[in-house]
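I've put the structures underneath this note.
One chain, subunit A, appears in both complexes that follow, with subunit B as partner in the first and subunit C in the second.
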Partner chain A sequence: MTRPEQTSSTIAHADDECDAPRQTPPLLRMIDPRVRLLVCMAFALATVSLSHLPGLLAALGLAIGAALAARLEPGATFRRMASLDGFMFFVLALLPFTTPGSPLFAIWGFEASHEGLTRAIEILLKSNAVVLMILALLGTMEQVELGHAMAGLRAPEKFVHLFLFTVRYIEVLGREYRRLRTSMRARGFTMRCNWHTWRSVGFLFGMLMIRSIERSERIVAAMRCRGFQGRLPSLADVQTVRGADRAFALVSFAACIALFTLEHA
Partner chain B sequence: MAHIPDGVLSAPVLATGVAVTLAGCAIGLRALDHEKIPRTAMLSSVFFVASLVHFPVGPSSVHLILNGLVGVALGWTAFPAIVVALLLQAVLFGFGGLVVLGVNAMNMAVPALLCYALFAAIGRRDSRKLSILAAALAGGLGVILTALMVAGSLALSGKEFDAAARLTLFAHLPVMAIESAFTAAAVSLLLRVKPEFLGMPEPQEASYA
Partner chain C sequence: MSEVLFRLAGVHFAYDKQRVVLREANFELRRGERIALVGRNGAGKTTLFHLMVGLQRPQSGTIEAFGKIRNAEKDFVEVRARAGLLFQDSDDQLFCPTVAEDVAFGPLNLGKTALEARAIVRRTLSSLGLEGFETRITHKLSGGQRRLVALAAVLAMEPDVLLLDEPTNALDAETEARLTDILVALPQTLMVISHDEDFLARVTGKRIHLRDGQIVAA
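Then we have the complex of A and B:
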């Protein structure tokens, strides 16, 4: 499979890139991307359907196991888990006070209920288990591979194309964005909370869009010149599923079903 | 950005999100011929990159949603473009989740569509001022509608989320103001340099046939 150059998240945090190849790649990263995508979806569905603590702890355990097997970098992963939107944090923090039930403790006259606290913990466990599994199974593959995996699973071809082009352009645009920001900084611009900042960054993105539209016109022209008919040839070659992939799929789906029955039995 | 993580919403809300997003994507993809894919992907990446820009507000910072601008620029294709950006954010940064992707996409793409309709209704080729006003409205409307839909998804998932739903609305007010100014500026530049891109008053694509 041909890959474009490194297309990962260099715009955001080049430093917490977690898949620099160091030693031999862990087994989990050798598993067929299609299998990983399916397993991840099954796991997310099973986890979301849980609502009791033992099942949720088991799900989180599985996710942690997967993260370890994928050798995710602990620091970077932890930071990502903690970034669970500040706003969602408020939603969870409010839960004990808004769920009726037996009182547990009180702050400024507001009673926190036992039920609410349990609910908040459940949500926290669920969302973290799913995010960890996504980072372990999908975050460790090249985004291009993910696109091909979706194509292999019969996602609409145009959607896959859109995905693959987006992956590429995020890198291009990120670079362009940083260049424009540098030139703004060179002229003494700093981000503040005022009209001037919002307008200036608006102009920056307007400029970014204009440049990107023009760039995309050149790309279309170049693609037409090479006879592009709306299909990427590389999407046509399908990898065969190997024994290891099958075994991994079998074990994972069994685990998902076990999670599900543990809860609903 | 208004990402709801997995595990918060109830099953009916999740199912609605998936159904609406699938339908929107189907319509959006039908409108997307392969010559327009690079342009749509560019905007999908603009959407992604813009969500990483933090604007200082008091001691904290907010980031933009930008669905108003994407809607104005893309119309129905905003659906698949937003899904792609959200999927990448989930995979790269762990924002949101998988099962909830449908709801998150719906909460951003439906307002984007309404912004598109609003801009098409108010914006005029012959009046720059009116078009910029329409853009400012679209920028603010995109945010506030998204906040409303996020609040709605929470409130419909359980009574205990009511307080959080209200909080969501208030938390998005500063974003609305910033995004309104931001979108007006971006569109005023686009109008000056590449008005055909905003296809006013009727979509006029450059055709190379």
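Then we have the complex of A and C:
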């Protein structure tokens, strides 16, 4: 309860960050989340099966197209892609030197192979295409919608519940972490490389763990108070797939098949 | 005298030897009563609520609720439906992604159909002035909104008794005033834990004290 509370007049009408954007959303964001999830999976499968440059470039092109259609915010998207590429950079940079094959160039006597370079580029294109498509199709929906979409596609119930509980409580846990960190800083704690720091950080994470367990016990208690007996009921009604969803699915699956045939024909 | 809804007789409960909460305590809650439960921090007020709805079991003594002695977990399932407990921290209570799902959770557990549950959700939310909150994401609500939605989730089960654990805790003056007005207007039998004297004076009529393991009239 750290946020300042809203006044009673705004309680019923407060619009905060969770509400839908004001202007009409792009068409892609109106497509049924289940369809988007299926298309995303098909695209990812088709893309990882590719290994030739033209197919991979086509896949990346499709992903860029989807990102444009979803009107992803360029800055945030580039940051996300950069963090992925930064993560993979060292692995990819080493690949030409560790893959045997015909020599291309050499640095300090280490030979880079043609095959290794091709392999690195291939992985780079694949991962960027798939991640960009995920950002365009799944990143644009509320996490909760994604959970419901998984449930709608008959994903295992336990998995869906795990996902939804994570979405619900990760922020609560984050708040708890920040509160503890702030109180540590308020008492003059700074991260150093000494025994005191390591012990304090250990206490911090230990305390977070204990609080999480206690909280989970209170949550179950609250659920039992409302009649929970081991099964989560569902309120969601089954949405019907509309014509636009069908058309989108058809075009997308055709594109995935085209990608696949481009490679294997 | 009106009907006895809860009767605790000779109830003993201790977490361990050092922390004895209730010693042979006796207590009655009658229909229509609005009771303030006061006591020091750590006196065991929350534990008393948890004993009443069977989240904790006494080491000895009997708990009678709605005319029956309750012992086992299955005895308490009915008790929990008829005695709604509002938790101190609303984050513990609101676990569903959206407000509608959370408010519908209790009614669905009671065997209502999705259609009936939706009607209950709409009715309950509008009775608390929370129209249009159905699709809001629970963890993105403000603290005050969260408390009201948690109350809606309890009221949706249409309980006979409300057990409120520090309902005004960490609320600003305006939200507290709004919650007070709502509680004053509710027809339910009430039992409230609070340290807020003005709030208790408006919402409750009678006061009991939990002290040294005994429940005494204050």
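Throughout what follows, the second predicted complex is superposed on the first by the 227 of 265 C-alpha atoms of A that agree within 3 Å, B and C clash if a C-alpha of one lies under 4 Å from a C-alpha of the other, contacts with A are read in each partner's own complex, and residues count from 1 in each chain.
By definition in this document, a residue touches a chain if its C-beta (ideal position, glycine included) is under 8 Å from a C-beta of that chain, and two chains touch if they have at least 3 such contacts.
Quantities reported herein were computed from a predicted structural model and do not represent experimental measurements.
Student: Between subunit B (first) and subunit C (second), which does A:Cys256 come into contact with in this model arrangement: first, second, both, or neither?
Tutor: So A:Cys256 meets neither subunit B nor subunit C here.
Student: So, does A:Leu235 touch the first partner subunit B, the second partner subunit C, both, or neither?
Tutor: A:Leu235: touches subunit C, not subunit B.
Student: Can A:Arg226 be said to touch subunit B (first), subunit C (second), both, or neither?
Tutor: second
Student: So, A:Ala67: does it touch subunit B (first), subunit C (second), both, or neither?
Tutor: Neither partner.
Student: Answer with first, second, both or neither: which of subunit B and subunit C does A:Ala44 touch in the superposed model?
Tutor: It touches subunit B, and subunit C stays clear.
Student: Would you sort A:Arg215 into first (subunit B), second (subunit C), both or neither based on which partner it touches?
Tutor: In the superposed model, A:Arg215 contacts both subunit B and subunit C.
Student: On subunit A, which partner touches more residues: subunit B or subunit C?
Tutor: Touching more residues of subunit A than the other partner does is B.
Student: Just checking: does A:Val144 make contact with subunit B only, subunit C only, both, or neither of them? Give me first, second, both or neither.
Tutor: second
Student: Contacts for A:Phe165 in the overlay, against subunit B (first) and subunit C (second): which applies, first, second, both or neither?
Tutor: both
Student: Does the superposition put A:Ala136 against subunit B (first), subunit C (second), both, or neither?
Tutor: neither
Student: Counting contacts the way the document defines them, which residues of subunit A are shared by the two interfaces, the one with subunit B and the one with subunit C?
Tutor: Residues 8, 11-12, 165, 167-169, 172, 215, 219, 221, 223-224, 228-229 of subunit A touch both subunit B and subunit C.
Student: Over in the complex, which subunit A residues touch subunit B? Could you list them?
Tutor: Residues 8-9, 11-12, 40-41, 44-45, 47-49, 80-81, 83-88, 90-91, 94-95, 97-100, 116, 119, 122-123, 125-127, 130-132, 134-135, 138-139, 143, 146, 156, 158-159, 161-163, 165-170, 172-174, 177, 191-193, 195, 197-203, 205-210, 212-213, 215-217, 219-221, 223-224, 228-230.
Student: Spell out the residues on subunit A that touch subunit C in their complex, using ranges where they run on.
Tutor: Residues in contact with subunit C: 1, 3-8, 11-12, 14, 16-19, 142, 144, 147, 164-165, 167-169, 171-172, 215, 218-219, 221-229, 232-237.
Student: If we count contacts the way the header does, which residues on subunit B are in touch with subunit A in the complex?
Tutor: Contacts found on subunit B: 1-8, 11, 14, 25, 29, 32-35, 37-46, 48-50, 52-58, 60, 69, 73, 80-81, 83-85, 87-88, 90-95, 97-99, 154, 159-164, 167-168, 171, 178, 181-190, 193-194, 197, 206, 208.
Student: Would you tell me which residues of subunit C are touching subunit A in their complex?
Tutor: Residues of subunit C touching subunit A: 50, 53, 55, 77, 80-81, 84-85, 87, 89, 91-93, 95-98, 100-101, 104-106, 108-110, 114, 117-118, 129-133, 136-140, 142-145, 148, 153-154, 157, 169-172, 174-175, 177-178.
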